[in-house]
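Letters A, B and C mark the chains as written, and numbering starts fresh at 1 in each.
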Amino acid sequence: MIAYLLNLGVFFCVNAILAVTLNLIIGYAGIFTMAHAVFFGIGAYTAAFVAMNFTSSLIVVTLAAMLAGGALSFLVALPALRVRDEYFVAASLGVQMLGVTIFSEWKAFTGGLGGVLNIPLPTIFGYEISTPTEFFILALSGLALVVLISRSLARGSFGRNLMAVRDSESAALALGKNVAVIKTLAIVLSSSLAAIAGTIYAYYLSFINVQSFTVDTSVLIMAMVIIGGAGTIYGPIVGAATLMLLPSALSYLWFLPKTEIGSIQQIIYGLAMVLLMIYRPGGMVSSGTKSAR
Amino acid sequence: MLLLQLFVNGIQVGILYALTAVGFSLIFGSTKIFHFAHGATFVIAAYIFQFIYAGLGLHWILAVIVAMMATVSFGLFLNRFVYVPIQRHEGSYFTIFVASFGSVIIVQNLIGIIFGRGFLVIDTPLSRGVEVVDNLLVSPLLGIALLCAVMIFGGLHLVMTRTHVGIALRALSESPELVRTFGLSARRLSVYAFALGSSLVVPAAIFTGATSGLNPTIGYHVMLISLISTIVGGVGSIWGAAIVGLMIGIAENLALWQFDSQWSEAVSFAILFLFIIFRPSGLFGRASVH
Amino acid sequence: MFDYLKNMSLKNLGLSLTVGIGLMSSSAAWSEELQIGAIFPLSGPNAIYGDIFTSAFKLAERHVKEDGLLDGDFSILYEDSQALPQQAVTAMNKMVNVQGLQYVLTAFTGQTKAISPIAKRSQTVIINGGAVGPDLAKLTDYLWNVIPLANTELHGLLPYIVKERGLKSFVLLYVDDPLGDGILDVLNSDLPPLGATLDKTFSVAPTTQQFSGIAASIRNIGPDVVFVASYGDQMIQIVKQLRENGVKAQLASYSAFSTPNLQTLPAAKGALYARQAVNIDSDDNLTTRYLKDYQEEYGKSPSVYATNYYNAVWLYVLLAHELQKQGKEVTGENLLAQRRAMDSFPLVGGTVTFDDTGVLLAPIQVMEIDGEAGKTLSVMSTNN
């Protein structure tokens, strides 16, 4: 039982990291991206590649993954600097689909559709992390780190700058803020921190394939952020917990046909998204009224 | 020869893309609502048609009419009960988009539950290729789709230039403030936009079902093509969207001459990406992005 | 084994029961609750497969209880994975760590690969009856495959096509994943010695739905045979669109062509494929009862995949029965040892054996699609 809960815990932490980092872009910067799963994937594949070919040292691998995520985030940053709103959504959707195609085709790096198998265990200062408990501690530390960084950013002047840009870009410009730098920084940070989730995921499963990095994953993380509350620190974490517990909770409702649970679960969070947008756009954690613009 | 055949195939696919994109462009251009659920409208059209035509065995004209009623009701429903309430609050594109997105998820899964998640193919002998000239195969469906497209685009042109509603919609897409000044209700006009735009997907949905088949999750792909066509064509230009839709279909097929097919989708997105970076207003659109 | 049951007279039955009950009460190890697991996509795009597999194991569950071969309550616990790795890992975790299961049915290469580390670590048997990617053979000893892998099937099919039908030039249309790659490898290695050639390959994404362009290219080349390596619905689209776009070549594929939808597709008529030989005319009780009850319960005859999962359950029953007879606990480790100790297994459709890597060795049958049950053209036994 404990092992099962620890397993859920690891996945929760991974999803929470993704939600918190996505929130930096969506909630604070007001940049609505649908490509977050791509950076999850970049982190995971980079971690796997380094661990299998060079060293499985946790610190080295994580740094490599973060570097890759940060570097490739220009794919999202560039359109973000050029266009806003719907145009940007379209561009990010394009990046997501392109990412999936590359993950499926670039066999040398990603193993193509077959994925990467037999990823070794991570080592930190010579100690190998192998049991569920150790993995959970690792995941939890990752989450704590990401939350700490996000919190200090959000509450500091950087966060205020971000929200200024989000709420009115022209006003921010008029006040002398370097909008381009602010936006780019937010995106680079978000993408490199998301890569941490990828690292933990790759190590934990010791197998990754493109199925985990599709548009459905991007949508799920987005739902976590929105339902939990974009633009708040703990909203995404609440959202992650809620959406992860949902399938298990549903499986206890014995009257629901087992074959439809996946669909019903999706309908529930689709419905939650619609209703929340109508009545409480700030999500569960917010005060009830919030403008995202 | 091969290139010609690929070109002809591209036209067939392109017409379907154009028909779908035009509906979205109309809605988005005039109401500025990011109606992501347009993909769901497409799915509804195809499944309802198949249900009436193949499931109940009724005449195809009846099936088309019911499908149209279903899509129009869906579009109007979303507008009235989801978009308008949100707009009354604060209506940022973000909120509307998320709500629209949520609707897509609901619709896709409901259809999956009701009709099953497998592939849906609308069976008709019309999709079978017929040799027209030496080694050049064209299916009767292409001819029908072409005819349909001509009639629909022709009709649309008439509506947009000759009727009050059409002219008002074009005005709405160019300057919403002026429209209000003239006493026209943007809200009421958006009802027309949704009705018209949603009904336009029906022929494309039926033809797609007959040629390559579909499943409940095809909404994303449909939406992407419509998005690319609308943006690259230029927001506010319906014909821009149609032309780009056609070009995407042709490009995707011609690309097969040299590249493996898994890259064709990537090609379309690369085009979108380049336009967004270098010319966000698209080919024929108004230059207002920021 | 089932002749024994068939011929039991009432008196013998009474005697056996008494002895059985006596033995049961005298040994605690005999009154265990025997449960196995199944992780399938019950929702999402692959749910139709989940339905097929589930129909089979539910029937098996019923038959097992009817026959009373196992001492203790037998039941099958199942979870929905949507064929996705993360969900499958969570389900597997639950089954191993919470429910203590020792034997789990699985399908789909992606999820099977994801749960094989857990199977290996916890010494739990996972058994696949649907995926045929060649890379499944090397994952772990605890992964058993109740379905011959694609390369085995092709070893039986290709000689038939080249020698019996005299068709020499091939074109391959494949999904660029381990299965497709595996088939490509086999074609590249097997065709030249037979005097045939692989002229061109077309790789597609699993989500591709438009094949008119590829069909046009294929028409341009004009091969004798088009070999299709894809799955499920996409395969149906491929066959349909190839024919509609004027490709007249012989179509061939691996066992994926055995799905009911393709069997009845008019465009697929005349296509050749290989699959493990399932002798449905075999008159052993197991097979006849299976076919009869499946038809009664579901109103159609079972597909090969359903049969595989029925057999997966039955394999467990055979092994567990032996272990119980020997007074051993039914654990993954013991099941593996028992499987290795036994030579052959009477399952639905014939008696089969396993090779060292845990892959089924069954005779391979070459079939032609005729719109009904299919014509069996040749049967070859496997020595791989």
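The criterion applied here is as follows: contacts are C-beta pairs under 8 Å (C-beta built on N, C-alpha and C of every residue); 3 or more make two chains touch, one makes a residue touch a chain.
Only a predicted model underlies this, so the values are computations on that prediction, with no experimental measurement involved.
Visitor: If we define chain centres by averaging CA atoms, which chain lands farthest from subunit C? Would you check?
Guide: B
Visitor: Applying the document's contact definition, name the chain pair with more C-beta pairs in contact, A-B or B-C.
Guide: Pair with the higher count of C-beta contacts: A-B.
Visitor: As a quick test, compute the distance in whole Å between the mean CA positions of subunit A and subunit C.
Guide: Each chain reduced to its C-alpha mean, subunit A and subunit C end up 37 Å apart.
Visitor: Once you find the CA centre of subunit A and the CA centre of subunit B, what distance in Å lies between them?
Guide: 31
Visitor: For subunit B and subunit C, what's the span in angstrom between their mean Cα positions?
Guide: 41
Visitor: Where in subunit B do residues touch two or more of the other chains?
Guide: 112, 262, 265
Visitor: Spell out, as numbers or ranges, the residues of subunit C touching 2 or more other chains.
Guide: Residues 43-44, 47, 176, 205.
Visitor: Using the touch rule from the top of the page, what residues of subunit A touch 2 or more other chains?
Guide: 101, 104-105, 260, 263
Visitor: Inside the complex, what are the residues of subunit C that reach subunit B?
Guide: 43-45, 47-48, 176, 202-205, 208-214, 216-217, 219-220, 232-233, 236-237, 240-241, 244-246, 261
Visitor: Which residues of subunit A touch subunit B in the complex?
Guide: Its residues touching subunit B are 26, 30, 32, 78-79, 82-91, 93-95, 97-98, 101-102, 104-105, 169, 215, 219, 222, 226, 260, 263-264, 266-267, 269-274, 277-278, 281, 291-293.
Visitor: Taking the complex as given, what residues does subunit A use to touch subunit C?
Guide: It is residues 1-4, 7-8, 11, 101, 104-105, 112-115, 117, 205-209, 211-212, 247, 251, 258-263 of subunit A that touch subunit C.
Visitor: Residues of subunit B touching subunit C in their complex?
Guide: Touch residues, subunit B against subunit C: 1-2, 5-6, 9, 12-13, 112, 116-119, 121, 127-129, 131, 135, 137, 139, 211-215, 217, 252-253, 256-257, 260-262, 265.
Visitor: For subunit C, which residues are in contact with subunit A within the complex?
Guide: Listed in rising order, the residues of subunit C that touch subunit A are 42-44, 47, 50-51, 54, 78-80, 82-87, 89-90, 93-94, 96-98, 109-110, 113-114, 116-117, 133, 135, 139, 175-178, 181, 205-206.
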